[in-house]
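The block underneath contains the structure these notes are about, expressed in structure tokens.
Should a chain be cited, it is by its letter among A, B and C, assigned in written order, with residues numbered from 1 in that chain.
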Amino acid sequence: MNTKAILEVKDLHAWFGNTEAVKGVSLSAAYNAVTAIIGPSGCGKSTFIRCLNRLHEELPGAYATGHVLIENIDIYDKKVDPVSIRRKVGMVFQKPNPFPSLSIFDNVVAGLKLAGVKRQSTLKEIAEQSLLSAALWSEVKDKLHAPGTSLSGGQQQRLCIARALAVEPTVLLMDEPTSALDPISTAKIEELMTELRKKVTIVIVTHNMQQAARISDQTAFFLSGELIEFGETSQVFTAPQKEQTERYITGRFG
Amino acid sequence: MMERHFDASLRELKEQLVTMAGLVEKAIEEATQGLKTTKSERFQNVYELERKINQCHISVDSACLKLLALQQPLATDLRLIFAIIKINTDLERMGDQAVNIARNAQEYIKSPPLKPLIDLPIMFQEVREMVGITLDAFVKNNESLAREVLKRDDRVDALKNKIFKDVLELLKTSSEQVEQGLTLILIARNLERIGDHATNIAEDVIFALTGEDVRHSTQVATMKTALNE
Amino acid sequence: MNHTVLTEHMTKKYQQRKITNRVMIGLLASASCIALIPLLSIFIYVLAQGLPGLNLNFFTQLPQPIGETGGGMANSIMGTLTLILTASLFGIVWGVGTGLFLSEYPPGRLSNVVRFSADLLSSIPSIIIGLFVYTLIVIPMRRFSLLAGAVALGIIMIPTLARSTEELLRRVPVHVREAGLALGLPRWKVILRIVLLGNSRAISTGIILAIARVSGETAPLLFTSFNNQYWQRGIDQPTSSLPVQIYTYAISPYEDWHQQAWTGALILVSLVFMMNMMTRYLLSPRRSSK
């Protein structure tokens, strides 16, 4: 594995008005690594990854300070346009959210089409590539013009992955991508992630400890907005260094 | 800290293992007494105990497997069950060694003794203490006790080597009692194996408590330096 | 109580419940039927009164001067259509725009004021709006006009459209908007191209309902577009419309004008009915599953 860090977070703080949700987090992820973020509800893990594509600040009263370097470019630099950042950092959400009334095809190429790409041949090619990468192509290739919302939950989520991949991001953020899915769809997406990591660097928030253990290389444990422990997944899950991590992953929290 | 339903299962599992360890200790004790007193019921006790130990071996394994499958333990829980699985195997082997000692001792007492036993009783004592400390370390979650066991293993090894050397010396001068000599060497070897198993258990206890792998420490250290270069 | 007795007891209870259930369903069904009576009677009455006067001339000819029979309401039909079209032009842009503002931009004092004003505006009697436009446009221009009528109708459309658009867009999950933003699209593009266009069907339903609501308005038109016995001549000229024409003819003392009014009413009711049917069609599950 290439050990050069593609994602580097330095002293990141995130706020909702006067409430500090992320309190000075620093971590880094190597090229093509899968980083899992775990922690109890409300620990700031979702807020944290929403800072990695500057989506956090879209909420009313929300803002963030600190540095997030993606391929050595600080996305919190004043000169950087948050909109252009989001093209390099894709995101998959907790609930499958295909665009309503758009076909499967239009959903996948929405990012390109609305950014001004017009050539049909290019769009078709990218749609096929992205659907292939999202392991959905064989299931939808005969009904590309059916509405995205006509697919099953698991397929919709893979459609959302395809849509995120179509703009060719360097980093893919996944915010509990399987929490609304059944075990088989979950397994498919986990399987898919091991393929995706060859192309993108993945940061995934998950409530499912076993999932974090299965799919990630490194794990970060958040508690009350702070990064308590960050290390190799195998080490965090067999011999965590911190008492709080130990308590959380063995279910002794409370 | 919140008490989980899982904690009760773990406690039960640990108790099962401690009971098994008690049987093992007893078996070693009975084999020792058998050799000392030459009473055959002592040896019968050893064989009886070994059958019980085997039953424990099976039930501890299946309890561990069940907990792994149903609780999917992590961190300390995972390390503890992982260690128990290995300790279970070592205890079962210790039981087997106790039986081996009993068989060899029964063989040995059929003929007149080769020499007065001096080092062997010391070795018996050493090993019994080692096993005792190991089990204490496990029950009390005491890392320093476990580390003490690791140091003691060298003493047992030294005793075994001394017995080997002495018996060989004797056999060189009088070769009529080769079989008796060989039996003594086998008993020393059995004891040394029990010591090794105790060492393994102590290492597992340390791993369960700290997550540190202390086995073959010199080897691991060299591997690490080799990797880093 | 032994087992058989218990079972018998339960069966009896069950029978009683079944009967109660049927009685309740019957009561509710008849209540709904009673609610339908006024609607049906109006429709049947208008149909019965209006049909005799319905002929091609009604759609093609201008009203005849007093004393002459025949003629039609061609100019009023055209006038109503033109009024609606002109009113929609700015009513839709303004109303949907306000709805977008209310749903897409962070809640604050301004949006609260806007929302409150919209609610207030929708409860103001339409005649007041007519008077307002009268002072705003008719007096300075010194003339009743199509423009004034359209502005009045447009203002009436704004609050309903704003609130229905807001409600519809609020039902679009936040995650859909975030998915758009996460693709690197600017917010305005996400709102227009994904949120609004993605729900165009629901939005158009709101628009049609708003149009249906204003197409029968009479009071505000009396002060604004007034009436005209001839074809519409320009946006700054008074214009005829179905509701005002019906009103004028209905209060007249002439029998054949009463007939004309009834036929006009039939056309107006059919127009509103058709628009309602259109929204049903747009929202039908068959279309949405396509």
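Methods note: a contact is a pair of C-beta atoms (placed from the backbone, for glycine too) under 8 Å apart; a residue touches a chain by one contact, two chains touch by 3 or more.
Because the structure is a prediction, the values reported are computed rather than measured.
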Least hop count linking chain B to chain C through chains in contact: 2
Chain whose Cα centroid lies at the greatest distance from that of chain B: C
Innermost chain, where centres are averages of C-alpha coordinates: A
Among all chain pairs, the one with the most C-beta contacts: A-C
Centroid distance [mean C-alpha coordinates] between chain C and chain B, Å: 90
Centre-of-Cα separation between chain B and chain A, whole angstrom: 50
Distance from chain C to chain A - Cα centre to Cα centre, in angstrom: 45
Residues of chain A defined as touching chain B within the complex: 209-210, 213, 237-240, 245-247, 249-254
Sites on chain A touched by chain C in the complex: 53, 55, 58, 60-61, 83-91, 93-95, 97, 99-102, 110-111, 114-115, 147, 150, 160, 163-164, 167
List of chain C residues in touch with chain A within their complex: 106-107, 172-173, 175-176, 178-187, 189, 193-194, 197-201, 289-290
In the complex, chain B residues that touch chain A: 1-2, 4, 6, 72-79, 210-212
